[in-house]
Every structure is written in structure tokens, then in C-alpha cells.
Amino acid sequence: MNGWTVAATATLAAGVGAAAWGVATGPLRRRVVAQNLSTSLACPALLLLSEGYDRPSYVDLALLLALLGPVGTLVFARLLAEDLAADPPRAWGLTYAVAGFGGVVVIAVCVAAGPGRALVKLLVVGALLIGGNLTASRALSGGFAGSRRG
Amino acid sequence: MDDPLIVVALVLVAVSATAAVAVRDPARQALVLAVLGTVLAVLFTVLQAPDVALSQLAVGSALTPLLIMLSVRKVRRPQRKKEADR
Amino acid sequence: MHHLLPVLVAVPLLGATLLVAAGRHLSRAVAETTGCFVAAGTAGLAIALLLNSSPPMTDWVGGWTPRGGEGVGIVLVGDGPGLGMAALASLLTVAALAYSWRYFDEPPRRHAGSFPALMLLFQGGMCGFAIAGDLFDAFVFFELMSVVAYALTGHRVEEPKAVQGALSFGVLNSLGAYAMLTGIALLYARTGELAMTKIGQGLDRHGGPDALTLAAFALVLTGLLVKAAAVPFHFWLPDAHAVAPTPVCMLLSGVMVELGAYGVWRVYRTVFSGPGGIPASDLERALVVLGVLTAAVGAVMCWYQRHVKRLLAYSTVAHMGLFLIGIGSLGAEADDGVALYILGHAGVKAALFACTGVLLDRYGSVDEHALHGRARELRAVAVLYVVGALSLAGLPPFGTGLGKAVLEEAVGGPLTVLFVAVSAVTAGAVLRVAARVFFGLGSRPGDESSYETTGIGEEPETRHRLSRAPGTMTAVPAVLLVGALAVGAVPGFATAVGHAVSGAAAPSPHWTLAGVLLGLTSTLLALALAALAVTHPKPLGESSWTVPLRRLQSGHIGDYVAWLLVGTTLLAALAAPGILGG
Amino acid sequence: MTRRTRLFVAALGGTGLAVLLVAACFCLPRFGGAQHPYGDRVVRASLARHTANTIASVNFDQRAFDTLGEMSILFASVLGTVVLLRQTRDEHRAAPEPEQVAVPVRRFALLVLPVAVVTGLYVIAHGQLSPGGGFQGGVVLATALHLLYLGVDYRALERIRPVGFYEIADALAASAYLVLGLAGLVAGTAFLANFLPYGTFNTLSSGGTVPLLNAAIGMEVACAVVVLLARFLDQAVEIEKGGEK
Amino acid sequence: MSVFPYLVAVWVFLVGCYGLVTSRNLIHAVGCLAVCQSSTYVLLLAVGYRDGATAPVFSDLKPGSRPVVDPVVQALALTDVVVGATVTAVLLALVLQISKLHGTVDPDELSELRG
């Protein structure tokens, strides 16, 4: 174990654990937010793990999750639009906190990686992670007008 | 095995799998399955299987939820229509 | 020659992909002809390989031949039983494709090639499973044939029963496959190998069997026995076979289910038969108990069906029980008997399904009561039906009769009674159907039963109801019955099968006086039962003691899964004593 | 069976199975043990063939026959879905309605789409070097296209997705895998033999036939998933019950 | 402690089976089947793990510098993931047709195939 993996363990236990609890219980508006946050928390955890294991190639995992996580949330935002329109989620504080955490992790990992091609990839991951998280949250709280079909 | 990381990942998998079964509404189950997919991917990373983790991410985070949600939508629609006709 | 083993899988798969690629621009006739030719070519290859299979071939795919006894690749085994099953599967695929020639419902728009392509994929999956010498590879091809079979079973998507039966089939078989994979993972953990013979050696090196061996055995066999429809894993079979399109039924009942039993045989022989595996007495107890249960339940349920395809499906269940007993008795003679029986049964059962398909497309019903006396004009089909029923009973010199006789001799003892009874009851039920439907014998039974599935109101599979059956639809069952006859009657064929299955050293299977007499006995019993049922419907009709048994077949996926769990436990419990006792 | 009997039967079987499996777990080798004979051989064989990602070497070289089966399963299930979800006689197609999507969401989808396509291609191309490969990249590619459905609307997706084209490409990619296998039989020694030069370790062209098979799988998976999702989208969005329109 | 991962796999399998038995919605049942299958991934990868080892991917690792985990189980699990996704798709397609033709996806209300 090193500092990176300890941080990853803490993120997983506290963050993803809470998200798993949130997605399993409560009203729908809470569940969709928890699903979104689960990917935006797992992604920094994967970055930390890549650094902790000293395997730069593991960054691909974080890249894919940062890319596809929000897509998954968009699926729910799109296909549950009618249910969500009646009871839209309001968890912007939490969303920004998680986005901030993601940003901190990305910066920390970037600093550790130093300049080079790896840095570009990390920055792309960071941009996708934060942008995706915020956009997905936006989509959840009324991103789709909720037409009957389409 | 003294790696708490593995234990945490395993516990998360066990918890989300249980939740995926316990949540009975298919749309909500799809949400839990999406989380289960992510958690499984984390577990696979921890078990040093990045290839499997990648395919689990690819399948579990967007593809399976999309398939299930499209099915839910199709199954619900006739019921909706009936309600609207009433 | 051994390099051609993987080609046995590659050719049908390539045919399927090309059919799909060109499917938009092909007319239906071209697509189906291509399908037939590819299937026939594969069958020819399988037979050519089979004729060269002594001594058995092995091929390491990709040229990964092991150095110093340690391989990393996948091994394919081309021995008599494996190539024999591949050849049988291929020949039946050809028969099914020929039967569906110009017959099937209009294909999906712009997908003329989809049905023959699925059949070719099915063929490829079955061939791959039959020649797999690697346990995980066997799992992959097992899944391939399963997935194709789900889609083919649900092919008639406008039939409520078809999609429901296909879903039960899919869920149960997938769960069984996952159990099998869990078992494979356990075996890999213990031995660090995946090639079947290597796993067996690894188990032996580890010492005597323990809980892990037992669990792996129970789990792997669960997957295979779900496919083989052993009680209590059998519930999906009647639901699926009763609703699948007729050409698909011919393949499902004729060879896919038998491949499950073949898998049990193969896996036990290569993996668990050593000192580190499951003792022979335990396997015998497990398979004979399950086999007897399967045979009894299948025969009883078969007798009480009025939906003709369901009736045939249950008769498959009953015969699977007999095959499992044969495999469980672990002897060269029993193996020969099972092989001959499977060959004969495949021809007979496929022919009976094919004839039932004619009924379905002519009258839009497969209900024994509703069709009473209506099929008098189908004389050729009537003859085929009766001949099929008689050979199902084991009438000499059909292959079924020879297989049954050899098997009875090998098993011996009180189980002989079961063999005679099961073949008599199932054949009697088919004869009863023939007597009522084709000859209008007896009084028309009333519709007193409300619980069971009837065969009324089935959609014909052709575009319009047939006014007369096309030549292929009667020619195919006739050819299949001739094949079943040839298995038992052509001199030297049985000897060849015996050599292919258990080597040239073992005594070759042949007709004996006792076998002929037992075959005649069960045929006469079947005739008597059918006559009694037609003339006096009451005493052999609905009886209250079967009601609980019939309620178990509820069509509910949850029930079936619960029984699957019980079955795995039962399997482990039956195999446990020898292991616990050391 | 009633729900209670069903639960009872399941409890009976489940308990037995649980006891069996837990007992088996305690007989398994210790978690994290060092005994992996097959694995060690595989790593050596992979390095001997200049394939940096051992898993790619297993999938596309040493156990390429499994991948053939896996690909056929995917191909078969797509074909099966096409057949199962075909439009039946009593159904008609209704034109999908345009969707109102919030501007930031729409912008995000259109921005991420090219990034996702590039990532998918990258994951496929580096399959024999770093984690990833045809399957993972193919799914990403297919998912990327569906951002158009999620972020814009169904009609935008339909414009860039001629399903027939993807079906043919799917079948051709699958046959390419088979043809490469047969080429091994003709040119080399055995079916699916790695008959090309192995190249320089850790470069894009290393591994002989591995990158080719990998690319075939990538194309097959991408097209297969597009067709699969197209069937489901058709059902969920377009196909409705009722007579001909 | 050295069996905990295996026990998690067993738990996930049994929980999935429980879900299948008690499910009141076929889409949910298909989801439960996916849960059952995820137990096989966990078991396979747990079997292949080696203490202190890393992935046998040598693009950023000098061969032989660190112990590596078993790649075979990873290849098997990869195949398994694909199989799982495709089986889910085919079964969902069947559920869609059931819902169209029967008007319900509750297995308790499907009673066409009996006896």
C-alpha cells in the first residue's frame, strides 16, 4: 500500500459505497444522482490506482469511464425524463463537491506524472470527467423536455 | 491477503449485487446494475485485470443500461396508453 | 487430416456470415440452397473425418502443439464419438434445411438468409461442442448453440407460446451454463489447466477427491444435464420443443439434447474418471437415479399429453433418461448401445416431428382431440407416423431396437423392465395419436381437461394452410426413417459404430435373440396400450395421481430455477457418499 | 406452485448448493497464491511472439479459437435479435418526434462524440499493446454513435446509421476473422495459425496476425452492437401496434 | 481471509438465483441472471490473482521486473463478459415479444404452457 492506494481505498469505501447505498434506496431523483456520482467518484479512484500501481496504461480505464459514465447517465436522463420531470433532482452542492474532488485528484495525478504525453491524456480525462459530470447532472434536472416519443 | 483495497472492492460488489436483486422495479434495477458494472470494473482493476475491467466498463456503464431501459420503455408504453385512454 | 478438424466449425460459420452479408440481395431460394449445400458439405467433411478417426486425431488450433507435454493452446479431439455426434448434427441440419425448403413462414423483410444462417450457426456450435477437447472451449460452443437455439425457438414471434417457451429455455440454459463455468473455474483453480485430459491428470496428482471435486462435478454436470433435460432440470424442454418451428424441433430433440448427454460422457471420461475424480460407483448412482427419474417422469407425462409436439418432447425426455442410465453404467457395451440408440432415436424423433409439422401446416392444430379423424387423407404421412412409432418402441430391426437391445443387455437386471416399459409407453402414446388422428379410431374424446396445454389454435408455419404437403415434407421423414432402419439393419454398421465408440478390441454390438424378443415385447405392449386407450379411453385417461406431477410443469421461470437448484444439490448428494467415505 | 412452495423448494436447493460451494471454497488454493502453471506458460509464449499484452495474445493467438466462438455468439445473438424483433404483420412504424434537448447537453454530446470515436479507435488499435482491444473499442465506437440519440434525437441518429450497411459490415468482419483463420491453414501450419512475421516488440504492428484478428473483432463488435441497439431502438421508438398506416 | 473473494462469488451467485426465483418482472429476472453471471467473473479473476503482482501487460512494464497475475482467467472472463451481454440482449428481445403478445411481463400471470 502507498499513499495513492490509501486514497483510492478511502474514495471507494466512502464515496462509491455511499453512492451504492444511494442508488439502492430512496426516491428516484436520489437514485439517478447517486448513479451519476458513482461514476464520477470511481473515475478518480481509477486514476489514483493507476498512479498507485505505477501502471500508466491503467489510465485508459479512467478515460473510458470518464467518457462512458456520463453517457450511461444520459441514458437514464433520457429514458426516465417523464418520471424525473415530475420530481427533478436537486443535488447541485453534492455534484459540485464531487466535481471538485475529481479536479483535485486529476491535478494531483498530473503533478505526479510530470509533463509529457501522459499529461495530455490525464487532462483529457479531467475535462471529460468534470464536464461529463456537470452535463449529466444538468440533463437529469430537466435536460430533456420529456416528449412522449422520440 | 492483507490488501484492504481488495476487501473494499469485494464488499462493494457484494452489496451492489444484493441491491440489484432486491430492487424490484426494472428501471431502478437498471440504475443499480449500472453501479454494479462500475464497481465490478473497479474490482477487476484491483485484481489487476485491466482488460476485463475495460470491457466491463464498456458493457456495464452504457450498453446494458441502454438495452434494459429501452425494454422498459417498450414494455411500459402500452400500459401508459391504456391509462391515457381511460 | 487432423488439421481439418477446426474447419468443421469454420465452414458453417463462414457460410452463415456470407449468407447474412449477401442476404439483402439474395432470393429466398438461393439463400436456402446455399444453406443446404454448406450444411451438406460440412456433413461430408464430418463423415470423411469420422472414417479416418481411428486412431483418434487431435489438433492443436493455431499450431500450438505442446512441447514437453505443456501446451498453451486449445486442443480439438477427433475421435469416434465426437465426430460421430458432429456428423449426426450435420446430417440432421441438412435434413431440417431440406424440410424447411419452400415451407417456412416468410422470412423477415430483406433478411432472406437469416433462417438458414441461424441453422448454420447452430450446426457450427454443435460441431464445435462435439469436438472440443478443452473444457472452456466446450463452454463457449455450448453457449453458441444455446444462443442460436433460443433465437430459433422464438422464431415465430407472433406466437405467444413460442416466445414464452424460448424465454424459459434461455433463462434455464444460461443459468446452467453459468453453473458449468463456475465448475470450470473451480477445476482451473485446482489444476491450473483447461484441456480436459490435463485437468483429469491434475486432479489425480492432487490426491483423492474432496468437496471441491464434488462441487465442480455437480456444477459442470448441472450445465450439461440442463441441456440433456434430466429431471429435475427438464422443465424447459417440453415448453421449448412444443413451440419451436418444426425444423428446429427436429434438431433440438434429435441431436442438441443428446449432445448434453454426450458432454456428460466426455467430461466424466476425461476429467473425473481418475483416482482424483468421482468414483465410478458414485457416478453410476447419480446418473442411474436421475436417469430412472427422468425416464419415468418423461414416460408418464408423455402419455397424458394431447398436444402432439409436447407429447413428442416428453418422449425425448423419457429417452434421455434411458441414455443417461446407459452412460451411467460405464461399460463399452453400454456405450455402444447408447450410441446406436441415439443414432436411431435421432432419425425416428426427427421424422415424427417432421410428420407433425405436416399436420400443423395442414390443419392449424396439433391437438390430438381436435384432430380426431381429420387427417384420413394423409395416407403417406400416416404410414410414416405408424412406422416411426413402432421403431420408437424398439421394433427390430430398427436402430432404436438394436440400441435398446444392446443397452438392455449391458444394463441388465430390473432396469430392463424400465427400458421395455418406457419405450412401450412413449411409443404407445404416439400410436394412440396416429390411430385417432389418421384413422379416426375410437370415439372422439371430450374436452374435460382445462389445466393442460392444448394444441388448438396453433398458427401454421407456412404462409397459407397447405392444401397438400410438398414432396420434401414427406420425403425427409421417409429418408430419416430409412436411416434409422439402416442403423440397425445394415450389416456391419453396428460393428463400425462399436469400433468408433469403444475401440476395435471391444466385442461389437449385434442382435441377440433376447434383444429381438424384448423389442417385440415392447412393440406389442405399445400396440396394446394404444388399442386400449383408443377403445377404452376412461381407464387410461386423466387420473388424479398424475395431477401433482403435471402441476410441476407450470411454465413459471421461478419454479424452474428453484428446481435447478434442487437438482444440483441432489446431484452432489448422490455423488457424495463415496467421497465422504474416502 | 404457490409462491410459498416455490420459495421453500428454492431454499432447499439453495441451502444445499450454498453448503456445497462454501465447502468447495475452503478447498480452493489460497487467494493470491503463486501456483499458476498455465498462466506462466502463456506469458512466456506471448513474449516469444512479441505481443506486449498477454491477454491479447491469449485471445487472438493462443486461444484464438475461443474468440472465434465468442464472436460467433455475438454474431448469432445479433442475428437472433434481428429475427426476434422484426416488424410483425400487425405493427406499423410511426415517425419519431423531435426531441427538445437542453443546449448544454446537446453541445456536450456533439463535443464528446468525436472524442469517443477517436478513443474507440485508439483502444482497438492498441489492443495488442496496452489494455483494451477489439471488443472494448468496438463497444465504445458503437456507444459513441448513440450519443446522437441521447444528446440530439432519434432522427439525427438515423441519418448516420444505415442499418443495412452495418449488418453487411458485421457479417464481413466476422467472415474476415474466419478467412484469416483459414489463411493460416493454407499458408502456414494450422487453422488460426499466426503465420505473419511477429514484428518489433511493443509496436503497433507487432504480434503477427494478432492486430489483424483484433481489428476484425473491433469492426465486428462495433457493427454488431449498432445493429443490436438499432433493433431495440426501433421497438422502443418507432414500431407500434396497430394496422398498416 | 484467504477465501473471502470466493465466498463473495458464491454469495453473488446465490443472490442472483434468489432474485430469479422470486422475480415478479421478467426484465428484472434477466437483470438477476446478469448478476448470477457476474459471480463467474469474480470467481475467475479471484482464482487468477497473485499477491503483489500486476497485470501481464508489457507496454509500460519491463518483462520479468514484477510478478504478474494469471492472464488465462482474464481471457476467459473477457469472453464471459461478451457472452453475458449478448445473452442479455437475446433474452430481453424475447421479453419484449412476451410483453407484446401476453400484455404482461409478470411470470405469475403467464400461464399458457402448463401440464
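Structural remarks
To keep things simple, chains are lettered A, B, C, D and E as they appear, and every chain counts its residues starting from 1.
One rule holds in what follows: a contact is a pair of C-beta atoms (placed from the backbone, for glycine too) under 8 Å apart; a residue touches a chain by one contact, two chains touch by 3 or more.
Given the structure is predicted, the values throughout are model-derived calculations rather than measurements.
Think of each touching pair as a link: the shortest run of links from chain A to chain D has 1 of them.
In summary, the chains found to touch both chain B and chain C are D, E.
The interface with the greater count of contacting C-beta pairs, when D-E is set against C-D, is C-D. Chain E has the Cα centre that lies closest to the mean of all protein Cα atoms in view. Of all the chains, the one whose CA centre sits at the greatest distance from that of chain C is A. Averaged C-alpha coordinates give centres for chain A and chain C that are 50 Å from one another.
One finds 11 Å separating the Cα centroids of chain B and chain E.
One simple way to say how far apart two chains are is to compare their mean CA positions; for chain B and chain D this gives 17 Å.
The distance from the centre of chain C to the centre of chain E, with each centre set as the mean of the Cα atoms, comes to 27 Å. Shown for chain A are the residues in touch with two or more other chains, namely 53, 55, 57-58, 60-61, 64, 68, 71, 75. In chain D, the residues that touch at least two other chains are 6-7, 10, 14, 17, 21, 26, 28-29, 31-32, 36, 38-39, 42, 53, 55, 63, 66, 69-70, 73, 76-77, 80-81, 84-85, 123, 130-132, 135-136, 140, 143, 146, 228, 232, 235, 241.
Residue positions of chain B with contacts to 2 or more other chains are 1, 11, 22, 30, 48, 50-51, 53-55, 57-59, 62-63, 66-67, 70-74, 78. You'll find the chains touch as A-B, A-D, A-E, B-D, B-E, C-D, C-E, D-E.
Put simply, chain A touches chain B in their complex at residues 1, 5, 8-9, 12-13, 16-17, 19-21, 23-24, 28, 31-32, 34-35, 38-39, 42, 45-46, 49, 53, 55, 57-58, 60-61, 64-65, 68-69, 71-72, 75-76, 79-80, 83. Listed in rising order, the residues of chain D touching chain E in the complex are 3, 6-7, 10, 14, 17-18, 21-22, 25-26, 28-34, 36, 38-39, 42-43, 46-47, 52-55, 57-59, 63, 66-67, 69-70, 73-74, 76-78, 80-81, 84-85, 126, 129-131, 135, 201-202, 228, 231-232, 235, 241. Residues 1-2, 6-7, 10-11, 13-14, 17-18, 20-22, 24-26, 29-30, 33, 36, 40, 43-44, 47-52, 55-56, 59, 63-64, 67-68, 71-72, 74-75, 78 of chain B are the ones that touch chain E when the two sit in their complex.
Only residues 136, 140, 143, 147, 150-151, 154, 157-161, 163-168, 170-171, 174-175, 178, 181-182, 185-186, 188-189, 194, 238-239, 242-243, 304-305, 449, 451-453, 550-551, 553-558, 561-562, 565 of chain C touch chain E when the two sit together in their complex.
On the side of chain A, the complex with chain E involves touching residues 53, 55-58.
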